[in-house]
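Contents: one structure, followed by commentary.
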Amino acid sequence: MTTAAAPPEPAVRARSARNLVDLVFRARELSLVIALAALVAITAGVNGNFLSGQGIEDILLNTAILALLAVGQSLVVITRNLDLSVGSVVGLVAFVTGDMLASGWGMVPGIVLGVAIGAVCGLLNGLLVSFCRVPALVVTLGTLYVIQGVGHFIAHGRQINAVDLPPGLLSLGNGSVLGIPYLPLITLVVMLAIGYYLRSYPSGREFYAIGSSPEAAGLAGVPVRRRILVAYLVSGCLAGLAGVLWLARFGTVIADSANGWELLVISAVVVGGVAITGGVGSVYGAALGALLLTTIGSALVVLRVNPFWQQAITGALLLLAISVDRVLALRVARLLRRRSRHG
Amino acid sequence: MSGPPTLALANVSKSFGAVRALRDVSLELFPGEAHALAGENGAGKSTLVKTLAGVHRPDSGQVLLGGEPVTFAGPADAQQAGVAVIYQEPTLFPDLSVAENIFMGRQPRTSLGRIDRKAMHAQARRLFERLGVTLDPEQPARGLSIADQQLVEIAKAISRDARVLVMDEPTAALSGNEVARLFSVVEALREQGCAILFISHRLDEIFSLCQRVTTLRDGAWIASEPVEGLTHDDLIRRMVGRDLDALYPKQDTTAGEVALQVERLTREGYFTDVSFQVRRGEIVALAGLVGAGRSEVARAVFGIDRWDAGSVTVAGRPLPAGSPTAAMGAGLALVPEDRRQQGLVMELSIERNIGLTGLRSLRRGVTISRAAERDRARDWALRLQLKFGRLSDGVGVLSGGNQQKVVLAKWLATEPSVLIVDEPTRGIDVGTKAEVHRLLSELAGQGIAVLMISSDLPEVLGMADRVLVMHEGRLTAEISRAEATEESVMSAATGRAA
Amino acid sequence: MAKVLRWDVMVGVLLVAVFAGGSFTSPGFATIGNLSFALGDLGEIALIALTMTMLVVAAEVDLSVASVLGLSSALVGALWDGGMAIETIIPLVVLVGALCGLVNGLLVTKLGLPSLAVTIGTLALYRGLAYVVLGDKAVAQFPREFTALAVDDVPGTFIPYPVALFVLLAVVVAIVLHATGFGRSLFAIGAQEQAAFFAGIRVKRIKLLLFVLSGTVAAFAGVVFTLRYGSARADNGMGIELAVIAAVLLGGVDFDGGKGTLGGVIAGVLLIGLLRNLLMLNDVSTEIQSIVTGLLLIISVLTPRLITALKPALSRRRTSTDQVGPESALKGSP
Amino acid sequence: GGGTTKDTVSSASPAAPASSAAAKADPNAPIKEGLKLAFLPKQINNPYETIVDKAGIEAAAEFKGEAKEVGPSDASASSQISYINTLTQQGHDAILIAANDANAVCGPLQEARAKGIKIVSYDSDAAPECRDIFINQASSEEVGRSQVKLLADMIGSKGEIAILSATANATNQNTWIEFMKDELGKPEYKDMKLVKVAYGDDDDQKSFTETQGLLQAYPDLKGIISPTTVGISAAARYISGSKYKGKVVLTGLGTPNQMRQFVKDKTVEKFALWNPKDLGYLASFAAAALASGQITGAEGETLKAGKLGERTIGAKGEIILGPPFTFEASNIDEFDF
């Protein structure tokens, strides 16, 4: 073997290049954190209330449900698919669970029911996408309409009121432990668990493999269909859980909770650096994306921006976020290329 | 060859619609033998490979593992049974690191079932050392050149410690050095009792690596026999069914005026200060090791990438940077090295692909004339002996070599004055290779300037009027036809001579 | 045989079935008044579906169309309120739509951002600008001669003017998409962008053009929308991007690009519109309409795939019983 | 230029007087049996509208008519229009509509009237020339001014206040808000300052977070008026669970069932509403009377509205249900809707 003869410097050079790459990949989440910090700092500078206990609690509570949905969605997006039906699942689950709880169900069966409904919806999407090989966008747009219709059909103009719900559930939505509200805590635990699994377990990496190249994944013996099914199942379950949490937080629900949230969730995922073309990104990024979007919304109100301007500014900031990120990535890639040649 | 074969096919047939890719083919792979599979483009080699790998299920016949019939439900089953496969087209995950690509699904784990990244990178590094490659296991697979991709595929396959190693044209994108390394590794595996199935259109490789060879023609089994005692011509006759003329028929032509002039061209990070010219009627080869930057020069000249400094002149007119449309307008054509991504639109039909470079010339009024499009496609398909069912079939179902012919057809149909071909005969069988060579020299004879990038050294030496050699992004030598020898080219390519 | 299996053909067949079934069961359905209205009601969605088809074939998407429509409507209202002549307003507003498309296109082509992400952003931005322009006002009282153009039928027919315009544009787009070099380029770009670029197709320029067209048409649809309803509001057309996408997908256009026919899309638009109309006439509630629309989407993609999956099994049986099949005739002796 | 501008046409298109003005009302005509009525709310799945329409449908049974409710799932004018067309095709005797956009629904409503269908608008009016009668839940002016008075009483006519509305385009909301602003212009309210109008889009969650934002952005806020049932309940829920409870006064328009809890836990002291059931009931009778020729919608005619007694048609064909009713801890338990 000629191992000894191998010149050492190419390896070293590659190494420093890689560290830079690593940095950029982390910077993807880092830049989000920086943007967030800047936003919070500016807003708090203008209005100290923004960083009061109540202010922070509000933001965390507002983020929790969106972030939970974003975590589920990013799992699906990483496999190069899409789940547009999450919004309607939340609406259906929030109403049906509320209906059952109001009619005397216990809290635990209620929560289980909610997650189970989500799981069934996810399973349906997953089976259609993975086993029937129907394009994800069409399927989930279809189930969006179907699930929404079913939800409205069941509700038929009725409303669930907070008074009818068990107090235990409402305290889950608004209570806290050691000063931290339950909702963000639940989201945090779910996010860490899924993030850890995706990064550290062979089967977790397979989600990325599928998104990166479905054909290659098949040839490498990755159980493509099963993984995609699992991605949808998890997304559905989390949407179900989000529905229950929605009910817990808002107490009053009609059938169209989270109506139209599908694009909001996808924005969060995209801003969080999960590539819409699959294979890239992390659930942490997605959750951060949700936090950033929510914070922008809150900050604009606190900064007393004219409500007619709020949506436009949110859109502009979203574009700015993805553009800056892209430009940064291109710059670094070029830097890297120069270094690797002249270094 | 005592005992049952490790893996065998018995009377296997496989059809795709009307195409009978395999008819009643049998093949036995014994432990410790390197077995070659030869045949023209579209003969059914890759189909056979995919049948062994569990990708295709035979319509009839059986796959035998250790003498017992098995049914592979998918690639996972075959892998489980100890069959490692290098497919003809690289199958990498562009977003994942090289190491993850190699070990996907069987990463080294800690006691808790987590991935042990350190161990994984170390193992990948060891593999690359064995193959003599300097690739960083932690870099993403995206952006690797075709050759590097192929090397990762090889590393993936040999890391499986398989009982059977199947390699479908693993060397098509590689140059001499890497091939030699690969062979020494394969040799070692063979000695450990691994059965090898090897496919290549470079006959020399078959003779130097393999003990036995099976030949296919039009999906049918022709012969299985020891390599020893066989000549090149014998093998070609079995493949083609007739004798072939000389392989490298380049006639001397008198070079005309300068058609392509490249002046101090630089693209940072890829190549520096590249200057050369190609005259009408001349075939100039661009040689070098994998990753020397040859393809990058071609891409820049054709306008795919922007260059940072320098100039490109075609027939005395400067070309703007970064515009393939302008390059085509000036009479340039580029047959790219990666036919799947760059050469063809896999979902479109043969005729549409060939027509894609002539959307202007096929116009009658505002609309495209389908008749003209079909004529153009048929004309070139026949000239290049394309093996196809109907012109309206998707190119995706063609065999690798036939796909390459479609790429050639697509560009020759533009009737260029300067033709750049990047690995024009990659994956093309001997018969067609001769055809392509004849075609290139015929084109040169008609006054077209040809710039040929090739990693096939005999091809370079046989075809080129002049050989330019690149090493690490710089032009290191210009060697005339008379002085060009394997030694002179290789020493310039490895940077040993200036 | 193979033709029948095509998704877009299936949608066409379904359309005919709905039409026939509707005329049979609901007396109000196949009346001129109803059809004229139902067609007119599809006007904006149908118009936008034309450019959306081209975009999706080229593997891009524009989710901001409904917001451009809203912005255009708001601008019409604000300018009209400000006393500008409607003859000036319309070209001006369409120009703004083109600009909106240009911004989308530049972000996609210059920065290489995915269009789904970009247009989700501009979806919020343009809708927000619409509110900035018109706020909570609703401007009405447009001159009758202009609202008539958006509502009335072409004399002697039951086809409203916008539908007539749509038919005209549809013919143009069908020719461009399926018979010209430009159309070929779109399919190539959608199926394999890199190969299209290598073949000398000006990929970025074409994409930019598509986005500009999409913005232009969406803005024009906004003008039609405003005049048809006689009311300019910032929230006009909220959410119709999904309806457009649903129609395009139902029409058999592959969201991954490179596949689809305009005929399929038109059939898809009509199918969704007429089916909804029929359901409404039969007092089917909104909830059930939504469920039916969803099921239709799923079934229309599922059926051809199921049939293709079953086909090998069927054809194998056929070849085994009928040895002298067409294939052996084609290939000669083995 | 020579183009068509607003000024050149505004005189050219006078509001066409109601076509029914030509017809003669016959106050003694009996209500026809089997009248077919259709309620078209702003959106189905809105609990408030559901209450109204249900009551209207039940009222139809009293005069042996048939009524149904159809409508879009989103509160947009364009989707309402498809329904108007369908109802026209189906041949109803009257359409009762809560218009999402006063003008956008106008054309199709005119077409319906051309076919002899009577149009009653309720809750949110359509342009007067496109309907026969508008059943106003309360005089818009009165709603606007009384809301301000209600709040002023509770905060001592002093401090910053905000309004949490529904969507930015809601016609009824915007009319009320105009009157509120006008009322606030009076000298007795000189110490009250309207700092912001926020929009909760009649979406529970949006209204909830908008309330959060308001309270953070304006720490000195003393009171909020939310003249929408969705908005007020969401705002009450946020305030009841936050540190602002007891510091910020909330009032507006809400249903007793939604607000009971918050009145009991003292988040909200008083709020107002008319009886939505009466609104539906009255609208139903008005439609029947129109379709039977008892009334034509002209000013001064008298509508006999079953248990609600008689109402006189006011200017522009408007009938007012009555003054809004103020709910508070002492009376809220008497109501269930």
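Should a chain be cited, it is by its letter among A, B, C and D, assigned in written order, with residues numbered from 1 in that chain.
Everything below uses one rule, namely that a residue touches a chain if its C-beta (ideal position, glycine included) is under 8 Å from a C-beta of that chain, and two chains touch if they have at least 3 such contacts.
By chain, with names taken from UniProt: A = Autoinducer 2 import system permease protein LsrC; B = Ribose import ATP-binding protein RbsA 1; C = Autoinducer 2 import system permease protein LsrD.
Just so we're clear, the structure is a prediction, and the values are computed from it rather than from any experiment.
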Pair with more cross-chain C-beta pairs in contact, given C-D and A-D: C-D
Between subunit C and subunit D, what distance separates the C-alpha centroids? Give it in angstrom. 36
With chain centres defined as C-alpha means, what is the inter-centre distance between subunit A and subunit D in Å? 38
Between the Cα centroids of subunit B and subunit C the separation in whole angstrom comes to 42
Cα centre of subunit A to Cα centre of subunit C, whole Å, reads 29
Multi-partner residues of subunit C (each touching 2 or more other chains): 131, 135-136, 239, 285-287, 290
Subunit B residues touching 2+ other chains are none
For subunit A, give me the residues that contact two or more of the other chains. 148, 152, 156, 275, 307-308
Go ahead and list every pair of chains that touch. A-B, A-C, A-D, B-C, C-D
Subunit C residues touching subunit D in their complex are 28-29, 31, 33-34, 37-38, 41, 80-81, 83-88, 131, 135-136, 138, 140-147, 151, 225, 228-231, 233-239, 276-277, 280-281, 283, 285-287, 290
Can you list the subunit D residues touching subunit A in their complex? 44-47, 49-50, 73, 168, 196-199, 203-205, 208-210, 212-214, 216-219, 233-234, 237, 241-243, 257-258, 260-261
Taking the complex as given, what residues does subunit C use to touch subunit B? 175, 179-181, 184-185, 187-188, 191-192, 194-202, 258-259, 326-327, 330-331, 334
Residue ranges of subunit B touching subunit A (in the complex, touch as defined): 53, 55, 74-76, 79-80, 85, 87, 91-96, 100, 104-107, 109, 113-115, 129-130, 132, 134, 136, 138-140, 268-270, 473
Touching residues of subunit A toward subunit B in the complex: what are they? 1-3, 6, 10-11, 14-15, 17-18, 21, 200-202, 205-206, 208-209, 211-213, 215-223, 275, 278-280, 334, 337-338, 340-341
